[in-house]
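Letters A, B and C mark the chains in the order given here, with residues in each chain numbered from 1 onward.
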Amino acid sequence: MSRIGVFVCHCGENISRTVDVEQVAAKAALIPGVAYATDYKYMCSDPGQGLLKKAITEQKLSHIVVAACSPRMHELTFRKAVASAGLNPFLCEMANIREHCSWVHEDRTEATTKAIEIVTMMVERVKKNRTLDTITVPVTKRALVIGGGIAGIQAALDIADAGHQVVLVEREPSIGGHMAQLSETFPTLDCSQCIMTPKMVDVANHPNITMHTYSEIEQVDGYIGNFQVTVRKKARSVDEDKCTGCGICIEKCPIRKIPNSFDCNLGMRPAIYVPFPQAVPNTPVIDRENCTMFKTGKCGLCQKVCGPGAVDYQQQDQLVVEDVGAIVVATGFDLYNISEKPKGSPIKGYGEFGHGKIPDVIDGMTFERLASASGPTGGKILRPSDGKEPKQVVFIQCVGSRAREKGISYCSKICCMYTAKHTMLYKHKVHDGQAYVFFMDARVPGKSYDEFWRRAIEEEEAVYIRGMVSRLYQKGDKVVVMGSDIAVGVQAEIEADLVVLATAVQPRSGADRLAQKLGISYDNYQFYSEAHAKLRPVECATAGIYLAGACQGPKDIPDSVSQASAAAAKVMTLFAKDRLEREPIVAKINEAGCVGCFYCKKVCAYGAVEEKEIRDRQGNLIKIIAHINPGICAGCGTCQATCPSKSVELNGYTDEQIVAMIEAL
Amino acid sequence: MNQQISTTIYNDITDAVRKEAARILGDGTVTAVVGYTSTRRTGLTQPLVITDAKEADKLLFSETCVNNLAVYLTKAKKEIPKTGRIAIMVKGCDLKALVGLIGEAQLKREELYLIGLPCNGVLKSTTIPGTVLTVETIAPKCCECDVQTPVGCDFLPPCKPEQPELKAVYSAEIARLEAMSPRERWDYWQEQFSKCIKCYACRQVCPFCFCEQCLCDRNKPQMVETTPRPAGNFAWHIVRAMHLAGRCAGCAECERVCPMDIPLNLLNRKMAKELKELYDYEAGLEVNEKGPLASFNDKDDQSFIK
Amino acid sequence: MTANIENSFEPKIMAFVCTWCTYAGADLAGTSRMQYPANVRVLKFPCTGRIDPVFILKAFQQGADGVLISGCHPGDCHYIAGNFHARRRFAVFRKLLEFVGVDLNRLQFSWVSAAEGGKWVEVVTELTERIREMGPMTEFKELALTEQWSGMLESPELQEAYKQI
């Protein structure tokens, strides 16, 4: 039989002014099951809590109801007090008679009646409360970082420097991401490779970091603190341990004219290649689709000239399972591809901008490769069509971005800055050239950003025309750009030698498939969703998975690095404990009742439902039912409302507790 | 005009099914065949499970094959699928139920051998054994059937079903009720539900009522009163209709077996209509990873939410 | 409920709300000292996804004259998608209730965020006043009383039986 204690708080005068607290306590004492009811001026104060603890011991109370403010205010306070008196904290409930009663009603009779009903409701509920204990799950103190761009590199270094093991998985043959493709970075114009390569080398040499390059995530199982990630190490056809990076194979390869995607297909590479000279690891990869040996079985030159005998045509993909406790997703971005209309994508192409048909219309990354000293033109700005130096270059901003009608309504954040940078790079290389920029706004809010942008106009003589471009077309060997100059109010037509489009930033291809493997959410552009837009920007709703860099939204380098360090900090917080504590408000399956329809699994947003086999003593399978992982379950209860037989119960919000409340009214 | 409906294809189907059943039992493709057979009473059929090829001639198909045999693979008959691959005779409506069960992890498609039955309709439940199949005596569910030839079966006799124009009974009745005022509807359903004697035959015969312990049999807490008083009956039928929403195949067995002639399938058809209108969903046409109530869309109707 | 001197009807409203949005919004209405009718009794759920349609039935059977269900705006659910499931579930359930003759004006759904104290007050007040106009929900009360073992307590058979005692 319950011995419930009811404590009605005056809250100074906040409650007692409108609610007759003594009457509430008196009425509560009459409810069957209530062994002790009293009122007190400030229940949350030290003496108030002392009163509570004393009553529990002296009156041998089994359950507690504190009628006071909102549980969102003090439920934790009272539960801690109750726990310190030796009673399970989940046997204590609060009745909200302040925010929901005394503060919102004036009539004393009405308010008191309502308060009595609220207390009665909570008394009936608490009778059905069961003891619950905090859940703990073990934590594997190893982290997985997916993506080896600047964000992934930063996160990996931070976590590794803190003393934890890190596994870094990168899809391309080398780490570095898009930052490795850049020539100079804003707002300081330092050489991108120069600042990045030391970090890349640090990653390669770090004792705590294991790199899997030319690898992809195959499968993710498990949950926070206990992930099992299967990594597919694709076959390079070169043994990483034997290769010395001498490069003879690359020199001798007879197939030399394969477009190099690192150079935005302007430059060429052989069939056995490293993507760029400073690649980390400096181990070549054989492009099996274009290699004569793999296509016809003839050649084998690279293997013949390889001193250490590292070339291995029989090499197969390898699957490696890594046990990790946390995952940082840093898969980065790609630019909107103007040369093809994406199949099945809601995002439309820019037919009016030549759709990739006009060779001298390029995107921002291609311009970076032209400007880069290690690029296909050795750092000279040359037209892709005839290799001549362009004297008039037109830059067009917001191609794809901020265009709801094309399917992308967001701003890509980095283009205003990199276009200004491009005009400066161009001017530094082609002193008699003229850069024109068609723009809508100048979004340059960062530190030193506005000064940088103004420098492009005031010192580097870039001409900024506020207006949009309606059409590009080839005229002879020039590209005619038809746009408007709305400041002056005329149509502006420029015959350009080269046109650079600042195309929209999008997540990498395959972002949705990776998200589905991880069990994280993404928005309709496939940027990964953070747990809370303002207060939790580096975590996912799925516990144990963190976000860093442009995969979460368009981002420049300083912000990517900041977010990567923030994600690393979150990982380190997780690893600071050996076991992870969780609130026991989780769902639990009644194994006798569950019939394995898995509706709970279909509606669980957290993937907390697993399959469990029920066998008899002889080992025969009786049924396969659901099982809820208490380490992942967030406690929403959608499973229980969906289950037809109610074979799943949310501890703390069971059907019994709720029906008790309804029936009390 | 009491137009007769042709039942000649049923004989062809019976022959084809018998041959097929003998074959698949004989060569071990399946360990049992669940089908229909004749009963002691003339003009009626009953379910049958055979495990020997020699028994194949007991099987038949006719307009009296009203049972939904899907219930012979779940619930109280769970030991049948455990013996191996099972063949089952399915009309279009029964197949919809099986499709739903597969989607809910109760059965596996590869463990079933579907013997499809092209169907001109079955008799309604209130007929005297030996009645001829006509537009008057055909079951109301058959008037709105769109699966006369079941799709996706492992064996389908090559017979073409035919039906004359039939009046859509359920749709008409739903429309009639929708046109009433709320109070009139309340009174209509009170009259219907007060007949209920809580025999739970509807639950026992429904393939989707496979819960090991039904919600209404729980008493901690008691969500649904078990007494056959109007209040308890109302709660039972509403809860069952809600639990079946998006799953009910429309086999109308519940209505057939109800000893008190309560129009149960009317409720289920109304829910199916709403699900079609709200979420463009029809149960039983393909195996769904998630039903309409286990999935959602950003653009779901929320005109009723303030 | 209060036994009013004027004997006018006081609606009994039960509200099923989610902790993270509507309950917080109601708290905000409290801290802002906004005033509204005292007829509503709030039941706290972790998420609207937890609310079973059976609870609505239970509430009406228990004598509620009106039921309010309120949660986070779509996209804001603390548990990511609970309110999306609730939205579908209740869209379907209310069609069922309407079909069996329950007046849907007694069942209100709303999205009230933690910042919308004012909206909470508005929703509760509007519902209370609407139900006050409509009067008590007699359908379920009548249903509960129908066919108690011998029907009427005043039937001739009972009167006869009483006489014999």
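Simple rule for what comes next: a contact is a pair of C-beta atoms (placed from the backbone, for glycine too) under 8 Å apart; a residue touches a chain by one contact, two chains touch by 3 or more.
Bear in mind the structure is a predicted one, so any value in this text is a computation, not a measurement.
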Higher-contact pair (C-beta pairs counted), B-C versus A-B: B-C
Remotest chain, subunit C as reference, centres from CA atoms: A
Between subunit A and subunit C, centroid-to-centroid distance (C-alpha), Å: 40
For subunit B paired with subunit C, centre-to-centre distance based on mean C-alpha positions, whole Å: 35
Separation of mean Cα positions, subunit B and subunit A [Å, integer]: 46
Set of subunit C residues in contact with two or more other chains: 58, 81, 85, 89
Residues within subunit A bordering two or more other chains: 603, 642, 655, 659
Touching two or more other chains - residues of subunit B: 215, 223, 293-295
Residues of subunit A defined as touching subunit B within the complex: 592-599, 602-603, 624, 642, 644-647, 655-656, 659-660
Contacting residues of subunit B [partner subunit A, same complex]: 104-106, 210-215, 218, 220-223, 243, 289-291, 293-295
Contacting residues of subunit A [partner subunit C, same complex]: 70-73, 96, 98-101, 103-107, 109-111, 113-114, 117-118, 121, 521, 541, 585, 603, 605-606, 634-638, 640-642, 650, 652-653, 655, 658-659, 661-663, 665
Footprint of subunit C on subunit B - complex, ascending: 177-178, 182-190, 194, 215, 223-224, 229-231, 234-235, 238-239, 241-242, 245-246, 267, 270-271, 274-275, 278-279, 292-296, 298, 300-302, 304-306
Subunit C residues touching subunit B - in the complex, by the definition given at the top: 53-54, 57-58, 61, 74-75, 81, 84-85, 87-104, 108-111, 123, 139-140, 143-144, 146-148
